[in-house]
Each structure stands twice: as structure tokens, then as C-alpha cells.
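Naming follows writing order (A, B, C and D), and every chain is counted from residue 1.
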Amino acid sequence: MITIRDRVRFVETDLMAVVHHANYLRWFEMGRVAYLRAAGVALNDLMAAGYIFPITDVSCKYKNSAKFDDEFEIRTKLTNFTKAKMCFSYDIVRCADKVLLAQGKTQNVFTNMEGRITRLPESFFQKINALYSQENEE
Amino acid sequence: MITIRDRVRFVETDLMAVVHHANYLRWFEMGRVAYLRAAGVALNDLMAAGYIFPITDVSCKYKNSAKFDDEFEIRTKLTNFTKAKMCFSYDIVRCADKVLLAQGKTQNVFTNMEGRITRLPESFFQKINALYSQENEE
Amino acid sequence: MITIRDRVRFVETDLMAVVHHANYLRWFEMGRVAYLRAAGVALNDLMAAGYIFPITDVSCKYKNSAKFDDEFEIRTKLTNFTKAKMCFSYDIVRCADKVLLAQGKTQNVFTNMEGRITRLPESFFQKINALYSQENEE
Amino acid sequence: MITIRDRVRFVETDLMAVVHHANYLRWFEMGRVAYLRAAGVALNDLMAAGYIFPITDVSCKYKNSAKFDDEFEIRTKLTNFTKAKMCFSYDIVRCADKVLLAQGKTQNVFTNMEGRITRLPESFFQKINALYSQENEE
């Protein structure tokens, strides 16, 4: 599990005085980017090599509302990984009291720049798979 | 089914040159607001009466990418409705060729301003239920 | 002046219960795109021809707050136009009572895909200039 | 000057492959919030006391493009401060090479919850003014 921390931005709130629900998908994305960085893969390098990684599925369950200025953790796990796709799960947790705010899942596939489904090349695969395997052994 | 149309904004794209996936949740929200408006319920009136309607679940499957300046339809159906909650489904369809871009589902519950679960009062319930019943008879 | 209409989205509000100020820049952008479309220039065609148009300056004065579900007009004028740059001004007006909500200005320059300053080619220039000249004669 | 650091989110990019210009206003806001926090004022406390602080003016000059995953600094200065208003200036600087990406200015006024112009109470004023004075002496 890779954990990063952030703080709720004013712009992320809505007139219900809580974080607008669409922002959690942005936080999941930050978690995903951090996970891959921890595995040694920068998305800029992946794109420079001709690969993109469109989202095909996302879901989120909202448990408690995040509010302006709250500090929160994004806890990201890779739950399924092949050369064709990667599935992540996420917990958003409020730092102050460790309350679970939201839980989500995403699936990305790998495509070339024209959007055709492709396979992740060995070099990138091995880096991500090393972290994925290590986590699943624990 | 209530249908509205809009056009992809430049700001809604990302560096993959397609609409960023989080924006579809904003479009679902617009569909939901339009559905309730068609039923005669303005969310501002609901909030003025002391009711809010937090999202508890959202999911989306992405089928094809929307691009900048594309015109699209948001087709919204109310799939489950009680005084405690409302479940909607959405199809996002590109106008030019009627290709399905994404399909989503959401669930809202009704709470008071303090976030406590409550029941929608009869006056609002009847308006929404009239449209819901009419659609399900068809 | 080219005018388009839209309606405030729920997601565009913040916890002050008004539209977050950054959203007006998105509305200006929509006005700009609509102006160029009215002149016969689609930004997608401009990009396909190898031109982009980064913003170099933006300013906005906020007069009155837009609220959720308000209908508003974006009134866009081209105030300065050469092959090197285009300057627009914008009025955001609430439809219900014609109250001015915000006034803004932007400047875009034209560059190639590598970001180097360039000149707009004659074909695009003439289309935009035709609308620009016609408006300034009025 | 109060400095915070952040990293460009994927969602903050647009199809020109750079950060969309509206996001800089969100970064300025983060800088403002951090400045006031450094002065001992949490915006949540200010709102709990019945004060809000709408933006009346914003401007930004864009110098160089921020890109996905760039680390950047938000350097915030309070340039004018009275019980009626606060004016900030901002530099957005890329961490890797200290290149200036954008420079901005904002003005906020203080109002009550109904939006009527008011004066900041002494307790909040003194905290912010202490940091403001200290910085201007240096």
C-alpha cells in the first residue's frame, strides 16, 4: 500500500459545504500516480514510450464527508495487474481521527497513442510487478 | 428518460487529448438536476426546505472517449426511488454518431442540514414520484 | 459580440454557496470558443493545422455572485486581433435580471506545437478578421 | 513570503499537454490559505465567526507552462492589508530549475454571511497584521 497525504482545497468544496464527490476521483488518480512512481514508473516516461492508460471503470462509495482544510490520506493498492490492465483500490482516510471517508476502485487498460489496446512492454511491467508482488507476499 | 445536450469544454480535456474521466460525474449531476427539474423540483427549493442529498455511490464504465467540442447527450433515468433515496442511471451519447461514450449509476440519500438521514417530505416526493411512475409505466 | 447561454452547475459552487471564482475563466473560454466558431474557425482545425493559442494574460473583476442553477449569458467581444495575438473581453450577465456578474479580459498568442511564437496563417486570419471588422464597424 | 510546494495533477492538464490556465487561480488560493494559516488564522474559524472573504479582482500573467508531474512552489505575499480587504501577489515557480511559470494578484474583501461589506474584527486583524508588518520590515 502506498500512502500520500494532502489537504482539502477550498475549490474542492461545494454548496453543501463538503468536498464535491467528483474530486475523490482526482484523489484516486493522485494515489495511482504515486503508486507507479513508488514502483519506479513515471507516467511521463510511459507516454514518451507511446503508451497511454485510459480508465475503463471507476466506482466509489462515500462514507463520510471531507471538509475544507481537512488533511487526508490516499491509501492505494494494486489489486490486479497484467500487461493488459491494472486495477487499483483506494481508501481515503481523514488524518485527524482515521475515519474512512471513501473507498474506490478503478481499472485502467494500456493502449497505444491511437487508442488501440496493447500490452505493457517488459521493462515497465517488471518494475510495477516487483512492487505488486512484494505487496502481495506481505 | 430526460435528455439534455451539452458540448465538451476545452478545460474538460486532459493531456491524453480526451475528456478527463472525472468530468463524467459532473455530467451525471447535470442530468440528475435536469431530471428533477423536469419533475418540478428545483434543488434550491429542496435545500431551502432543509434537505440535502449526498451521493453515497457512484460508478461509471467508459466505452469511448469524448473529445473537445463534441456535442453529447446526457440521458438520465430514475431507476429506484423512495423517500429515503434515489438511484439514477445515465448514458452519455455522442450526438454526431449516437456512439455510447459512458454509462453510469449513482445513489443519493436524503439528509437534513446536519447530515442525518431523513425522509423526503410528501410534497417533494409526489412530484418526483409522478415522473418516476409515468416513466416506468411506459 | 457573440452571446451564449449556460446554467450554473452544482459542481461550480463552493462552500460560500456561490460559484467559485476560478470557474469564470472556464466560462470566458467557452465564450472565446463560441466567438471563433461564429467566425467559422473550429479550434480543432486550428490544432490539426499545427497551431495552438496559449493564454498569456487573464484578469477578472467580480461584481455579483452567480449561484447554483442561475442561467447566465457569456457576452464575448474581440477587442484586439492580429496574426500574433487575440484579445477578448467578456461580460457575464445573469439572465433573470440582467445583472452584471463579472467582467474579464484575456490575451492569447499563437504558437506552433513546440510553443514557439508564430503567426496565424492567412486562411484562419481572414475568417476571424471578417467577424472582428464587421463588429467594429457597427 | 510564505512558500508551499505541490505537484501538478494529471487532471490539471489539458489537451495542449500543459496545465490549464484556470488552475493557477486554484494554486493562488492554496497560497492564500497557507499564508493566513502561517499567520494563525484558519479560514474555517473566520467563517465560524460569520465572516467570508469574496474575491473581487484577480489577474494572472502566464510566463512558462507547467506540465504534468512538475513540482512547483507557490510563493505568496500580502501586498496590502486593511480591515476591509487583503491583496496578495503570487509567484508560481518550477522547482527543478526555478523558472517563473506565472505571476498573479488577487483582492479579497470581507463581508458578512449575507454578502454585506464589513470590517475584519480586531482579533483576526491583529494576527494577520503581525505577519504582514513583520514581512514588510524585512
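One rule holds in what follows: a residue touches a chain if its C-beta (ideal position, glycine included) is under 8 Å from a C-beta of that chain, and two chains touch if they have at least 3 such contacts.
All of these numbers come straight from a predicted model, not from anything done at the bench.
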Centroid comparison with chain A (C-alpha atoms), farthest chain: C
Turning angle required so that chain C lies on chain D, C-alpha fit (0 to 180°, nearest 5): 180
Chain A-chain B separation of Cα centroids, rounded to whole Å: 24
Approximate Å spacing (C-alpha centroids) for the pair chain A, chain C: 34
Contacts with two or more other chains, residues of chain C listed in rising order: 10-11, 15, 18, 22, 26, 29, 68
Contacting residues of chain A [partner chain B, same complex]: 15-16, 18, 21-23, 25-26, 29, 47, 52, 54-62, 65, 115
Complex interface listing, chain B residues touching chain C: 9-11, 26, 29-30, 33, 42-44, 67-69
Chain D to chain B touching residues, read off their complex: 10-11, 13-15, 17-18, 20, 22, 68
